[in-house]
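One chain, subunit A, links the two complexes that follow: it is found with subunit B in the first and with subunit C in the second.
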Partner chain A sequence: MRWYVARRLLWAVVATFVILSITWALLYVTEQQALTSIQFQAAVSGGDAEAARAAYEQQRGLDRPLWRQYADYMTNMATFNWGYSTSRGQPVTAAIADALPYTMMYSVPWTILTVAFGLSIGLYSATHQYSRFDYAATFLAFFGYAIPNFWFGIVLLVLFGVHLDLVPIVFDPDAPVFSLANARQLVLPVFVLTTGSIASLTRYTRAEALEYVEATFTKTAKAKGVSERRILLLHVLRPAAVPLSTILVADLLGLFIASSYLVEVVFGIPGLGQLSFKAIQNQDTPLVLATTLVGVFIAVVGNLLQDIAYTVLDPRIDYGDR
Partner chain B sequence: MSQHQRGATETQQELSLLSVRDLTVEFETDRGPLRAVDGVDFDVERGETVCLVGESGSGKTVTAETITKLIRMPPGRIVRGVAELDGRDLLSLSERDLRAIRGDRIAHVFQDPQHALNHCYTVGWQIREAIQVHEDVSDAAARERALTLLNQVGIPDATTRYDDYPHEFSGGMKQRIVVAMALAATPDLLIADEPTTALDVTIQAQLLDLLESIQTEYDMAILLITHDLGVVAELADRVVVLYAGKVMERGSVYEVFDTPAHPYTQVLFDCLPGRGRPLRSIGGTLPDLHDPPPGCRFASRCEYARKECHTGDQPPLYDVADAQTASCVYYGPGGDPDALRNGQSEGDPDG
Partner chain C sequence: MSLDSPRRRFEDIDWEAKRGIVLRRQTAGFLTTLAALALVFAFDYVREAPLFSPNPVLRDGWDLSQLDWLFVVSLALFVFYVLVPLATHRRMTAHYWREFRKNRAAVVSLGFLLLVFTLGLVGPLLVSKPQVELTQSYQPPVGLAVDSSVPLSCGGDVVDGRCHGSWQFPLGTTGDGKDILSLVVLGMRVSIRIGLITSFLIISIGATVGTVAAYVGGLVDEVLMRYVDIQQVFPSFLLYLLLIYLFGGSLLMFILVFGLLSWGGTARLVRSAALQRSEDEYVEVARCAGAGTGHVIRRHILPNVSGTVITNLTLLIPGLILFEAGLAFLSLGDPTIPSWGQTIAAGRSDLRTAWWISTVPGVFLFLTILAFNFVGDALRNALDPRSEGQR
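Here is the complex of A and B:
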């Protein structure tokens, strides 16, 4: 177990290192937007474009040997010296620190609601297979699964924000975190995001739980006189949690890497998604890099936690290492 | 075994430990209801071993798992019948009352030891669960008892193996652990559903020996489900032969092996190798249980079938000998049992 975790931890470090190196290499070979515009200006004003380039490179340290640039980059990354965002006029880390709470405001409720509803609806469906509830849950799950988040968000905003005037249309970033006003403006984004994720988790939970509801060991437990609820929680949910944790981590990554862009732009939430979106629009390279790396680190850490969760949940998994 | 038989005759007037009457179970399928068990009657007396014998699909497992309602409902449905434990019908009990019976008075051992234990928990944890579900004892006391059980079923080095997971045991060892778990609350009846089928031959013999020894020690009745007549000969006091959800024949192991009465039982013995006769297989297949034909269920495959065998209901269980009955018109009024090969299929239960 300890050896297994140690190996996983080491692998996470290696993966991070590799990702950072590839990112550096990509940035190195990419044409520098700022440089192009400096050269253009120099040429327009009758100066020497090559001299401007040399000055730019010297100023940024790009004339130094490759390995020095690489080492500097890695040191900066490791010490969270992630550069300065020109479009926002503040250090990149500060911009992320400003945006992160807004993303948390909907992703924390999202996680809680997805796990609570996805697991319970899925488990109930599995134990009451082909009942009326199961059919209704299946229908809703396919609805939530099929409907595109950004479109659903706009429709709900038009309906509840414009026509019914129940929720504000413009997001107010200054609303206190734990206030009714903040809750009202977060209801729709959270609802839009959870429909899809609850739907998918429900279906996976139902399928996984069904496998164990019908397993011989569940019958053994029942024959021992164990109560239905204990069987469901200890004998069905525990083994089913292995694949489900994988799906949950994947969903969480999907939230940060894809859904957050759409939802934050539609609802005007100044979180990580919008920060990244605007950074791309403004060609603010350090900020694009940083917001992308946040997603990458979540992926690495998520996978690490998932691997550790596996061995806790299913003792057969680290068996080969003993 | 003679002791068990004496016990059986003495308690004949009293209540049987388990008494199953007219048990009828259907399963909802895409092709409509399938009647897996149809009017099955049998008794299990205290301390004796009753074998439910029959080929795959004859309703043995469904019968056994309906007694404590382990079958999934739906799709399963108990159409009618009772299963009385000491005169108390289990099938009409509330889930809560039934839970108190399961594991405590009636325990189960299933066919497939590879999947009978939950792979997420140590074997110790799982035996302890079986104890603590029925008895409010401390973890330490339950552990002591679980270790005793593990020793009893022959798990070497039980103290260290207690914290091992199921995947660290062999199939035979797993089945021993399942047996230990079944013994946790000293049940009156152990229902063992083909407990040796998934094991290799030498392990089978060991496990049967184990079942026999714990039966004596715990004075426990065993309802053994098997298609292996060798196992029947080894362990059974009485035999119930099932075919397509119906009881074909009932009797003591000596009677049924010496003079199998029902034509189905007779051909069943012909399928057994090593009896000095050419091996035979039974032609045809089980009747369709969605829409069983009228008359005797075995009629279409029976070489003695007469016209009346294809009409009406399954014949009642007619008396053949002392405690042997067969559901065959040849033993009914006007029937001529000698027309069947009665007595020719001599089988020695100890042979």
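Here is the complex of A and C:
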């Protein structure tokens, strides 16, 4: 098992390496394009195209040999020397460190609520199949998935913020983390995100749990007089947790990265998503690169954790093969 | 399967004849269509897009871009590999329909999706491109009224100081006077393009990679599946952001990025199904009768996993449509093509006074996603009896 974990760890490093290389190649292509257009402009305005090219290459460090540029880029990435954000006037790492707490503020309660509600609604639906609650839960799941997060967000903001005046319309970044004011301004984003993500977890939990609700060992446990709660936790949830952990990481992570953009823009939360979005608008290349790469690293680490969780949760797994 | 097609009896077949390459009707039809398309494309390319351009009716919104060529190819694939088999195997179609009909919500959803599909296909012929017309701004939809201070000049009746909507703009207009009905209809074009082209890409790449990995095995399998691993880890959303930042956004890029990067799940699905099915008896029987690997894959494996793949797709496509709307809402999409997300963003600041601008496209988006989910759910029950209970 240790060997398996080590292999997965190594694999995560390789994946990161490949992804960084692809980003480098993309950047290289755009730099070359920019170079051509600068040369063209210099030639059109009667200047010396060759001098313009040399000046640009000098400034961007493009006059170094190709392998040198690549090695420097990789070293900078590995040592967290991610460049300087011109639009924010601070190092990129500092900008990310500033934004991260705001993203955490809504994503931590969101994750907890999604897991808690998703699992319990799914389990209840499975044990009470085709009951009224089950239908209501299925409908709710469909509804939450189908309603576009960003649209739902602005509608709720108008309803509760403008008409009913229950929540503030403008996000106040200076509110203390654990205060009523902060809780009030985070209620809507967390609610919108939870309704969107609870759907898939509920439905998968229901489907997985159904397999074990009818299983012979559950019936045996019931016949022995084991309590409902114990059956639910140890005989149904325990085996279902293995496939569910996959969905949790893969689905939630993907949703998280995309939703953080939309929700932060709609509610004006100055987190990572908005940082990245503004960087795109302001043409701030180091910041765009860093914020997208942070998302990629989160995905890589999440996948690694999921694989490790798999081995812990399912002792039957065969480590020799995948 | 093919009870309706005329059956050749044993003695009808000339067993001595050399078989050569035998093309089935639908494959032949598809290839012919592809060849014809390639010819038209070459003509269009060499003569620098003269097609449709002299025709002012077709021209508006029908200028053939790379996207439209891909769309037509996907449409051909859809016709020859979904509609034609359904039409030839009537008994199975009737069986699927009976199963599908049990879910009433799904039938209604299918109707809605067909409407969206048809309108998206012929929409540009019915509605004109929405124009900025400030005198017609903020017209409410038919049957609704708004305080007459909101629109610049009311197009309908004004009763008690409230402006009523008129049939000139059945769904109202936006802040710069664009007709919301035409915006909605043109937005359907975006959705059906995403739906069809990405499914074409995902099915063709995913099925090929999955079957090849399962059948060739060994090093090829390892390399392909490791690649899928990396691809699954890399969030396509972030790659798309990086690409639009570096190269500028377009719908073609969106479809290519998401189509070319989301087939990993399908490939895994097809691979595991192919590995499972290849142990089945009918595959062994076919092998004993002398069927080659290609034949087994095409005739026995792919038809068997097609149900799973199609259901998987009906759940994948709405996600992509939502993604596109979200990106358009952030104005990170294609600014030249009217889409639902764009209209929602346009009406965002007017929600207090002119709430319908964001709401109408929002409702259409919501209904489309919902319809896909219902149809996918019913399809899974109809096509894929193995997954009984996995709702």
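The definition used in the following text is that the second predicted complex is superposed on the first by the 292 of 322 C-alpha atoms of A that agree within 3 Å, B and C clash if a C-alpha of one lies under 4 Å from a C-alpha of the other, contacts with A are read in each partner's own complex, and residues count from 1 in each chain.
Just so it is clear, a contact is a pair of C-beta atoms (placed from the backbone, for glycine too) under 8 Å apart; a residue touches a chain by one contact, two chains touch by 3 or more.
Note that this is a predicted model, so its numbers are computed, not measured.
Contact with neither subunit B nor subunit C is seen for A:L35 once the two complexes are overlaid on the shared chain. Within the superposed three-chain model, A:V155 lies in touch with subunit C and out of touch with subunit B [touch as defined at top]. Shared-chain residue A:A258: touches subunit C; no touch with subunit B.
In the overlay built on the shared chain, the residue A:G225 is in contact with subunit B alone; subunit C does not reach it. When the two complexes are overlaid on their common chain A, residue A:R238 makes contact with subunit B while staying clear of subunit C.
Touching more residues of subunit A than its counterpart among subunit B and subunit C is C. Judged by the touch definition given at the top, the superposed model places A:I169 against neither subunit B nor subunit C.
Within the superposed three-chain model, A:V288 lies in touch with subunit C and out of touch with subunit B [touch as defined at top].
By the touch criterion stated above, A:L62 is placed in contact with neither subunit B nor subunit C.
Judged by the touch definition given at the top, the superposed model places A:M104 against neither subunit B nor subunit C.
Taken together, the two complexes place no residue of subunit A in contact with both subunit B and subunit C.
Residues of subunit A that touch subunit C in their complex: 11, 15, 18-19, 23, 26-27, 29-30, 138, 142-143, 145-151, 154-155, 158, 162, 203, 206-207, 210-211, 250, 253-254, 257-258, 261-262, 265, 276-277, 280, 285, 288-289, 292, 295-296, 299-300, 303, 322. Remark: subunit C residues 225, 229-230, 232-235, 237-239, 241-247, 318, 322-323, 325-326, 329-330, 332, 344, 348, 351-352, 355, 358-359, 362, 365-367, 369-370, 373-374, 389-391 touch subunit A in the complex. For subunit B in complex with subunit A, the touching residues are 65, 68, 70, 72, 74, 95, 99-104, 107-108, 110, 112, 115-121, 129-130, 133-134, 165, 167, 178, 181, 184-185. On the side of subunit A, the complex with subunit B involves touching residues 130, 214-217, 219-228, 234-235, 238-239, 313-316, 319.
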